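Please find one structure pasted underneath; my questions will follow.
As written, the chains take the letters A, B, C and D, and residue 1 is the first residue of each chain.
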Amino acid sequence: MSTASRGMDLPAEQAWKLPSRGRVGMLSLIIGESALFTIFVVAYIFYIGKSLTGPTPAQVLEVPILGTICLLSSSFTIWRSEHAIEHGRMRAFAGWLAATILLGVIFMAGTAIEWHKLIVQDGLTIRTNLFGTTFYSLVGLHATHVILGLSMLSVVLVLALLDRFPASQSERFAVIALYWHFVDVVWVVVFTVVYVIGR
Amino acid sequence: MSSEEKNPHASENTGVVALPANTAWPVVLAFGATLCFASLVMNPGVGIAGIVLVVVALVGWVRQIFPHEHHEDVPMVAHATIVTTARTEVGRIQLSEVQRSYLPIESYPIASGIKGGIAGGIAMIFPAVLFGWLTQHSIWYAVNLLGGAGAAYWTNPTTAYIAAFHWSGLWIAVVIHAVICLLVGLLYGALLPMWPRHPILLGGILAPVLWTGVLHSVLWFINPAFANRIAWGWFAASQLFFGIVAGLVVARTGKIQTRQPLPFALRMGIEAKELMSTEQEDEK
Amino acid sequence: MRKNEGGGSVVWGLSQVRQVGRSAVRPVVRPAFRAWLVLAALSIFPGVAAAESASSIPNMMRPEATPAHQIFSLTLFVLLITGAIFAVVAGLLTVAIIRFRSRNSGTTIEPPQIYGSTQVELAWTVVPVLIVAVLFLTTARIIFAIQDAPKPKNALDVTVVGHQFWWEFRYPALGIVTANELHVPVSPVDHPQPTFLKLLSADVIHSFWVPRLAGKTDLIPNHVNTMWIDPHKPGLYLGQCAQFCGAQHAMMLLRVYVDTPTEYAAWVRNQQKPAAQDPTVAAGRTVFETQACMNCHRIAGTAATGTFGPDLTHLMSRSTIASGATTNTPEHLREWIKDPAHYKDGALMPAMQLSDQQLDQVTAYLATLK
Amino acid sequence: MSNLQSDLPMPIHGTLESDKARRSSTALLEWLQSWVVTVDHKRLGILYILYSIFFLLVAGAEAIFIRIQLAIPNNHFLTAEVYNRFFTMHGTTMVFLVGMPILFGFANYVVPLQIGARDMAFPRLNALSFWLTAFGGMLLYFSFLGGGLYGAGNAPDVGWFAYAPLTARTFSPGNATDYWALALIVSGFGTLGTAVNIIATIFSMRCRGMTLMRMPLFTWLYLVVSGLTLVTITPLTAAQFMLLIDRYLGGHFFDTQAGGSALVWVHFFWIFGHPEVYVLVLPAFAIANEIIPVFSRKAIFGYPAMVAASVGIMFVSLGVWAHHMFTVGMTSVTNAFFVLSTMLVGIPTGIKIFNWIATIWGGRVRFQTPMLFCLGFLYQFLIAGLTGIMLSVAPMDWQLHNSYFVIAHFHYVLVGAIVFCIFAGLYYWYPKATGRMMSERLGKWHFWLFVIGFHITFDTMHFLGILGMPRSIYTYQPDRGWNTLNMVVSIGGFIQGIAVLIFAYNFIVSYFRGDVAGDDPWDAWTLEWTTTSPPPVYNFGEEPEVRSRRPLWDLKHPHDTDWEYEG
């Protein structure tokens, strides 16, 4: 409470501004999710090199450069679509949104190919060793979040294409975009831990 | 959020309040999710039912809030709430026109305590180093006693070892010394104004003597290696040095006004004789 | 190793390991202080005085080894400080409640409103910080003294393996394997011979706790822990598993026999012998070796080499069976073999469905394994 | 107190349906249905509280069974297996199905009223959260029955801390442990939703003029608690997912045979488990922060310090978990670090206690039931804090860890502090929620019996721990010197049980026969007392506007307002 306001009436016209509940709620959720990921990341780091049997990350992991580039650039495309809907440019909005989804799908496809190779070719499953357990859990947890994000974005895209997602919903879209940014940031951490430190 | 979102429950016209409509989708979603998890311990059929419920509930939920939240209007019933109390009067502390406020009237700024702590801490180094020099011909002796033999876990150190220079001893000693001097300085800054007279006597002499006495009786347990080698005369001297310097620095700092016109008794919140008499007068 | 004339206490290898009142440096102050501490402790703990005589009570306030003793001294110190804090704060609270109780229910006046005082609040922040500093430095010293105590050359090594729900003790240097009853030599204060325990687990987490000898340390699978004891007086010290480890956690009892040097030497000699071979109970031995008993139990010198259950080579040298669930008499032994659930429902030993005759035979055989 | 007289209980939520209409069975069904589909924060708050009180009785009954079993040595009242289930379920229930829901119930009911809002930020999410919590609890208790239908019929018996590898398939066959993990994951999602909701409500729904530093301390503490919950409950959920991966997919997170570490679970559990204690105790502080000033007739002493101390406790509490692990064989330096961080918790906690005493000092204390419970809380929390200091001293913890001393310590916190404050809060807000006063006479009986029973039970337990009695044992040997003390503990348990039954009676009967409360029965100072009791479904006819921490003080003393002095 500032000294200036003490003892004075709150001027009626003085704006009483509070943060939007959607953003506060999403930020809170992100804090909670971060704690969830932290635990999985810590477990991954703790178990690096502790597997009793092979295969080791160095033997079987390939760095998913394409997927990573796609996912990270989708943060840019979703930011463009946020910008577009704020300014009421609905076609640009739908376009950038579709691009975001496409990039996300490419990322997921990359993960699917990687997992297929690991399971079929290298015989690494979640039961094989500690590396398998921690790897599939951590990357899988992230992938679950990507899929969740993609589903939400797809619903929005379908509504937008049907002209049912007006510009007045931009605030809600911003909340979804916030989630998507979070998913991207988590990937930076997961990528660093799994493919850089852990390899 | 858009402006109508800013206050989701705003009333459009007086007499009616728009509130979120009751909905069954949350409970259906919760039940479906529980079934999904329970299917692990039950059977897959439970899980399928759960997934169906979750999907149905999610669709229903989205339709509830999209594009606009579903509201229902609740009629407002006129109800004049009158806030009253039987306790209409408020007791006052009579020493000032300001009845309710902060304690004490004027006080040293908190920074003065920090300054006092720093000054006292620096002053204290001299007798301590002098003690090491005179008894062991080493300026590091006192430092290592505090930092090395004291806190770091040197096992069975010899006197010569303590008298030599050690980085670990130095930095641990510096940390302990700095932290404790700052804290005690803060305490001086806070407490000295409560004894308005003779700050030097109290903070400079009485407090160090008390502190030395307490340490003398417990130090052998806190830290026997330290206690075995300590020279209490020198120790007391350096404490007094600290106390007088810190007390002087604190007392010389100008007092600042707080809006708390109360005597020591009330400031501590311990004594309330004045307070009580005021109240009783008021009650009569 | 140092000899300390003051109280006759020697603490090997550690100058800082010094017991209350045992130092020569300040003999005048410390005993008095100690008496005052003990008095303070006793006044809040009447049970200690009452329990003074019973040796079967695993009372941490009656330490008989250096780690337990150091913890005891620290306990008294902490009790003193916390007791003082309690007296001051609870006293203030009581005075406040009594003095400022509402005397007049129909009063129309509110007391003066005071919002706070930076000075007072600062003071009651700084004072606890100083108390914490003192407590921390003291605690840290004892942690280092106990945990990082160097291991003397003559220390006895014992490997303790926790099992659901019994203890295995291996003496690698002596070639002894036994169960549930740990024998260690006494470690008199002037000729200390501590025992260092290496703690392992075969299944889940257990915890080794004999309160009168030392604090507890967990036995964790895939993780090695160590602790040490140096019991000053011969005798039996009781303890038990202190980490919930499954159905019969409560019956995972622990007995530490502290032997005089002669007793200990005799015990070692006996344990090193192979199992007794008594031809009169050969039938029982056959039962043991043909039924599933041998899959889990080992009896040195026979075909039985299982390691899932306790080593039975010198079964009758132990005073209890089933990890302390009952005393080791032939009747109890027979009942235990017949139906382990009778004494310990949930123990991993199965009921072998032996006939009465087989039971008698195998019990008779086991009873010869002195 | 208001002079209104009425013989009929008011409908509990303040919607305007008539009582008489409820008499017919269709109307009853409709009424029930209206509770199931409700999104009103007040109704959901009441549902939370009723749900928790139900489980309080269940878990209390489990405690009574435990105490009957332990009253004498070598007792065969319960088998080891049943005993292990009971203490596991007692702990799990009390923490997850009683403590958290009832405290979030208070938040649900009181926070929007205190900040002058008409509902929570996300009313539907609020309903979802409650029902997730509720179904989670039902799933947990279904294990008693459901085990028989689907797999080995049993309830979880691995302790509420469920240490690995005891929870691995090898050592815990059947589905009991799965029920434990699944039920807590479900209710954990509910808790997460509530925490998000409370934070969003507090940040985004405050009425005009209610800046952060004018919020009632109750609301402030719930903000802190919710933040802490976000980063506390999720690690548990993560660890439980790992456990399920191990159990269902053959993973190796806690599989010590495959190089996994049992200690990882212990760390993860206590990273959740220790802050969890603060998640439970901070709401208790929140309740005390409301009641102590009102019944001492003084403003809270040192409001900014109280806020700072709460935030401080939140941060420090995240760095102390390993003090539950002094016996697992960490290095001496690690042990020393956690000793220090744990002791630091004592400082903000001490500030709080001093500030409460200073609030009482110079006041005019009224000894009504809510205040009695708060005073009991102050003494017991002081002792709990001091025994906490003892346990933070690692060497003492090597002796006392997992002994009855620890049981006594944390029951001093959970019962002596938290349950006492919960009772205080129930007596305090009951008139607001129902329009009726709870009986003061029965309340005093409840208080005194509960205090006496509490001290007989838990004071004695400290001595059992010092005499070497470990926790989680279903029986003990008669020669250990624990016999008399255990009998005393059990007697105390029964006395507490009787006290709780008196409370339950009072709680139910007062709804029908209690004195009519009026809007502001305690002469209090926060916004919830400006509306009717019970409040209308929309809470406030016109949105309030505040200028100080005690808006009702300003209204009651227009010539001597708070806002002239605060700052």
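Here, contacts are C-beta pairs under 8 Å (C-beta built on N, C-alpha and C of every residue); 3 or more make two chains touch, one makes a residue touch a chain.
No experiment lies behind these values; they were computed from the predicted model shown.
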Discussion item. By mean C-alpha position, what chain is farthest away from chain C?
Written reply: A
Worksheet item: What chain lies closest to the overall centre, CA atoms only?
Response: D
Worksheet item: So what's the Cα centroid distance for chain B and chain D, whole Å?
Response: 24
Worksheet item: What is the distance, in whole Å, between the centres of chain B and chain C, each centre taken as the mean of its C-alpha atoms?
Response: 39
Item to complete: Please work out the Cα centroid separation of chain A and chain D, and write it as a whole number of Å.
Response: 34
Worksheet entry | Rounded Å distance between chain C and chain D, as computed from the means of their C-alpha atoms | 34
Worksheet item: Do you know which chain C residues sit against two or more other chains?
Response: 107, 110-117, 120, 129, 140, 144, 148
Fill in: Contacts with 2+ other chains: residues of chain A
18, 20-21
Discussion item. Among all residues of chain B, which ones touch two or more of the remaining chains?
Written reply: 8, 86-88, 90, 99-101, 153, 266, 269, 272, 275
Worksheet item: Mapping chain-to-chain touches, which pattern fits: line, ring, star, complete or other?
Response: other
Practice prompt. Report the residues of chain B in contact with chain C in the complex, numbered from low to high.
Written response: 86-93, 99-104, 107, 110, 113, 150-151, 153, 155-157, 179-180, 183-184, 186-187, 189-191, 193-194, 217-218, 220-225, 227-228, 258, 260, 266-269, 272, 275, 278-279, 282-283
Worksheet item: In the complex formed with chain C, which residues of chain D make contact?
Response: 79-81, 84, 157-159, 163, 165-166, 170-171, 256, 259-263, 266, 296-299, 301-305, 327-329, 331-332, 335-336, 339-340, 343-344, 346-347, 350-351, 353-355, 357-358, 360-367, 375, 378-379, 382-383, 386-387, 389-390, 393-403, 463, 466-468, 470-477, 479-481, 485, 557, 562, 565-566
Worksheet entry | Partner chain A, residues of chain B touching it in the complex | 1-2, 5-6, 8, 62, 67
Discussion item. Could you list, by residue number, the parts of chain C that touch chain D in their complex?
Written reply: 45, 47-48, 51, 54, 56-61, 68, 70-71, 74-75, 78-79, 82, 85-86, 89-90, 92-93, 96-97, 100-102, 105, 107, 110-117, 120-121, 124-125, 128-129, 132, 135-136, 139-140, 142-144, 146-148, 164, 199, 203-205, 207, 209, 211, 214-218, 220-226, 238-251, 253, 324, 345-346
Worksheet item: Which part of chain B faces chain D closely enough to touch in the complex?
Response: 8-9, 17, 19-27, 29-31, 33-34, 37-38, 40-43, 61, 64-65, 74-79, 81, 83-88, 90, 98-101, 153, 266, 269-270, 272, 275
